[in-house]
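Letters A, B, C and D name the chains as they come in the text, with residue numbers starting at 1 for each one.
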């Protein structure tokens, strides 16, 4: 069986990453890629690293208005754009993995509040399945017509904290999430703030108040915890291309030792192919997951102050976006969950 | 008047930075520099950027056992080494600015606990003046024989939080300090962990439990707050050479608005030449202080969760080490506090 | 005496660098700065590192149409724009240091060929003095009304080769110039090619054929050599913010040893405050001149193949642009040539 | 069929890269890895990105003194060490791909001159096959007992120039090779020169005279050209982890246009899976081959000066070392040449 896939919005970093992974996926054929801006040009002109794929030509989105020749559509379109494209795709029977934020929030009002626009396909918000396999449960993903692929920051944080909240092992009122991301997360469009000379040697926080991943994190942590909750979420920009590290400060409810906290996580994830929990005393680095679909967790208990620190690293473009999208597709289409995702990290 | 200075331990990054600043200080003459490892070699061979200073020759520490021809000695020796050199210097009447950690902790037992050795000059621990001019009070510094120059992380954090604790505006039980530092903080000695290829793209935490700056931060914040307190301090390594950003999460005791928090800090520092408080909504970047003695602060109040976030950036080698040492020397010697420190940051 | 200076085009990297240097120049007062795009805003909002200069407000160029209140105008306007602004300034009696390429080429036709437009102030092309003090001769600079401040690549190459051509020590038909520059040379405007994620780990050549610095290099090397000549000039982009290294491959005409080549350069530059010639066997690094007005040269003779290799490093924004402009102003105004330029490099 | 491989010297960067590629090779089983320094430890402790391979334990070299359980041995031992280990392996019938420089030079005297020691297995120098499949000819590789895997710089240069020399299209007396490499080429051992803070912003040349890759380049270019020749080879260090770009300046013997030069190369490599020749006007970037076994070439003809410029990029750890070693093994063992090497580059 070969799965025919279409990639909508292939000229951004997540689009390029989907192509990198799917072009080498043993069960997949890339049927088409779209880019409005580069319509008609070979994708290899847009992304010089794709010279080995000279036959992929960017097509305009409108080519696929009324029909598609794909089994699964990956939507890597900008936020607030995807919700206009997805309903039609579904109507035609195409299953969709949407990498934008448009279908991640279940509550239409919360969406409106944080994204500043009314949702234009609100009926799909409850149907969409939030696609974090290690947390969501695979059954729902397998049956889904529409996957809301999680955000990069939320992925790193949910993998760190969901097991602890599920076990009611930590308090829900004191969740401090200090996250740091490489600049590819800001996308490929030309912005002064993303210039090399502005980023290098320029570590900084941004959107300390009001980052749009906040309600997504709260929704999903709350679902696992069985209660509503709020988080203090602070994103920062690292002078590097890829990688997210989230440092999560939480208060224990259970009187566990450091090794027991580590074991709780390690046991929870023992059968997961993409999650590794480090021994006590080791710290995860973004470099050790670069280019791979892995998440690496580390745990430290500060007995002096009582805070538990959980650290989590992912590659924001892989497990934080395109790799996770492929993982979801694998589940939807009944192929091996790790297919196309076996690559080991690139180090150094 | 020309102040003759000696620099003990000139071949590390803080030593090189002292030379950079002091060689262009209008009131200073560098009398000598020492380096055991490079004794006899021109310092310009050790530090290629010092080619304009061909006459500085590294001398062995032992040359200065019984006499010095300097008014002020800067000790940039390794931790646990400085305490063996400083007493003699003081006995000879030389005033000392010590950049190591050896004289920062006032309590001999706390020193022993965190540094793993008994202090060998414990009588000096209470005499040494902790030299953070904006917090310590200038009078004590002016009269000091021995300045314990603050650590880099503590400097960034104390400047952010001391005014708030002094005003009893925040709680003392909930201080979460997430700090990020460039790799020059790890020194110039050859270590695999500090190699370019290991650091680039490799953001990570380290010493999440037990970093030695913890008791220093607690001592000084506690002194200002008038109570003992504990902090959750997490250092991280940024893939860049210079700069520290500390993100501090604290709980307000006073019901201030975001602008009022900002104004409280801005008012506190209004006469300080080296501290800038950004308007609400702006975030400090390490790049905007690089090479300068400045500290830039930013404030954000999360009304949804009640946490106050104070961000602070410094150049770890300048305000976090050598620049602050020069500032302390200026105070001690009665020259303009900003002398030799007027350089604007290098951007980009 | 205080020199009042105006900076036209202050919001680019060379403009920002002029402000950094001139604001701390002992004989200078910045009378005004202009920026069309940011007119009315404090320059400190445009450049966050200039927070210590809150009173500099960007003014529109038109404010200075008919009069200026400055002794010297620095034009850091874009190429092909400066030639419209400079004539008026000169008419009013303002002396000008122009950092654009508009007045560097003496031949109007060559300008037209390489810049694609007819020159609009051709009468000034022969009057303008090419301002490379170590090569041009200081007398011409002192008397000039209009200085054409050299390009960054040409500066690095001319300092390396002019003495050898002047002595007729090398051939003029075989000049291969392989130059590498940090990305600040591409300016501060938002371009996809200059994004952090496109530049990091992406060393590459660009404009191998037809870079506009080619005729400038040929004009000035030819002037020194007393003949017309052509060069093979290849620029490359380094993933770093600042710095140029030029590796020049030339054929000796004189049968000198490696040490004699080194001494020829060292003797030539022995009284120059800003040029250093390394001992045989050492290689210059861009890091050792960062932030300073220095040029460092290194020489290697390949006896096996007969090629002489001369290497040259400068900071493209200082000796390659704004620092050199200040040096020229110092000469024009009769102040110490090194005034405001004594800063040592920032290392690391 | 599964090929059992052993990796001698797995704790350096080329060793780690061999593991990354071979662990996911469809026809390979890693039988063992060795590391003297880390004997007994899991390789995943040495290389944190290999957490998915917890069962690989470093064994001492001596474990394999008298027997091996592998079909092919990859030797990633240090130069001057490999020649002591390889003879025994061959005697036992193990085929060897040697990544050191020990068997690349065919002439014992030249080896002695450049490496400073007499060769200790000189009889193998003529037997060893220099393993650059695109140049060497595949038949010799298929039959070889011992492959001398090419150096990183030579690979980039030979792929650029061998076709031109083979066609006698360029002169052999004027070969100027200006190469630039990321710092992983300097290895993983702790050296001050390789520290992050010494490398970042510090582009520089090194070993301008006497780099040991010089005779290797001359031997192989000479073999193709059918004559002895000498090259001017200048290596430089780029502040990035991976990638080599070589800029080659050569003199045409044939009067071809720029497009004809491009087509000559493109035609030569049209059936090669790992070599891409860019259209005229495009420049290769190291980023576009990162993590892959690809080489990308670009051509520019300077009609003004008559120089032809050929640019070549590879990933120094893949096509410049471990990827090429796997490619050679594939040929030796009769499996698909691209097996295990299909990964697309990681961008950004």
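FYI, a residue touches a chain if its C-beta (ideal position, glycine included) is under 8 Å from a C-beta of that chain, and two chains touch if they have at least 3 such contacts.
All values reported here derive from a predicted model rather than from experimental measurement.
Peer 1: Higher C-beta contact count, A-B or A-C?
Peer 2: A-B
Peer 1: For chain D, which other chain has the most distant CA centre?
Peer 2: The most distant chain relative to chain D turns out to be B.
Peer 1: Can you compute the centre-to-centre distance for chain A and chain C, using the mean CA position of each chain? Integer Å is fine.
Peer 2: That pair's centroid distance is 46 Å.
Peer 1: State, to the nearest whole Å, the distance from the C-alpha centre of chain A to the C-alpha centre of chain B.
Peer 2: That pair's centroid distance is 39 Å.
Peer 1: Note the residues in chain B that touch 2 or more other chains, in rising order.
Peer 2: Expected reply: 13, 182, 184, 197-198, 200-201, 239-242, 284-285, 287-288, 290, 348.
Peer 1: Which residues, counting only chain D, touch chain C once they are in their complex?
Peer 2: Residues of chain D touching chain C: 176, 178, 180, 182, 197-198, 200-206, 208-209, 230-232, 234, 236, 238-243, 245, 247, 249, 283-288, 290, 298, 300-302, 304-305, 307, 309, 311, 313, 348.
Peer 1: Touching chain C in the complex: which residues of chain B?
Peer 2: Touch list, chain B to chain C: 13, 16, 19-20, 23-24, 47-53, 184, 241-242, 276, 284-285, 287-292, 294, 296, 342-348.
Peer 1: Residues of chain C touching chain A in their complex?
Peer 2: Its residues touching chain A are 13, 182-184, 188-192, 194-201, 239-241.
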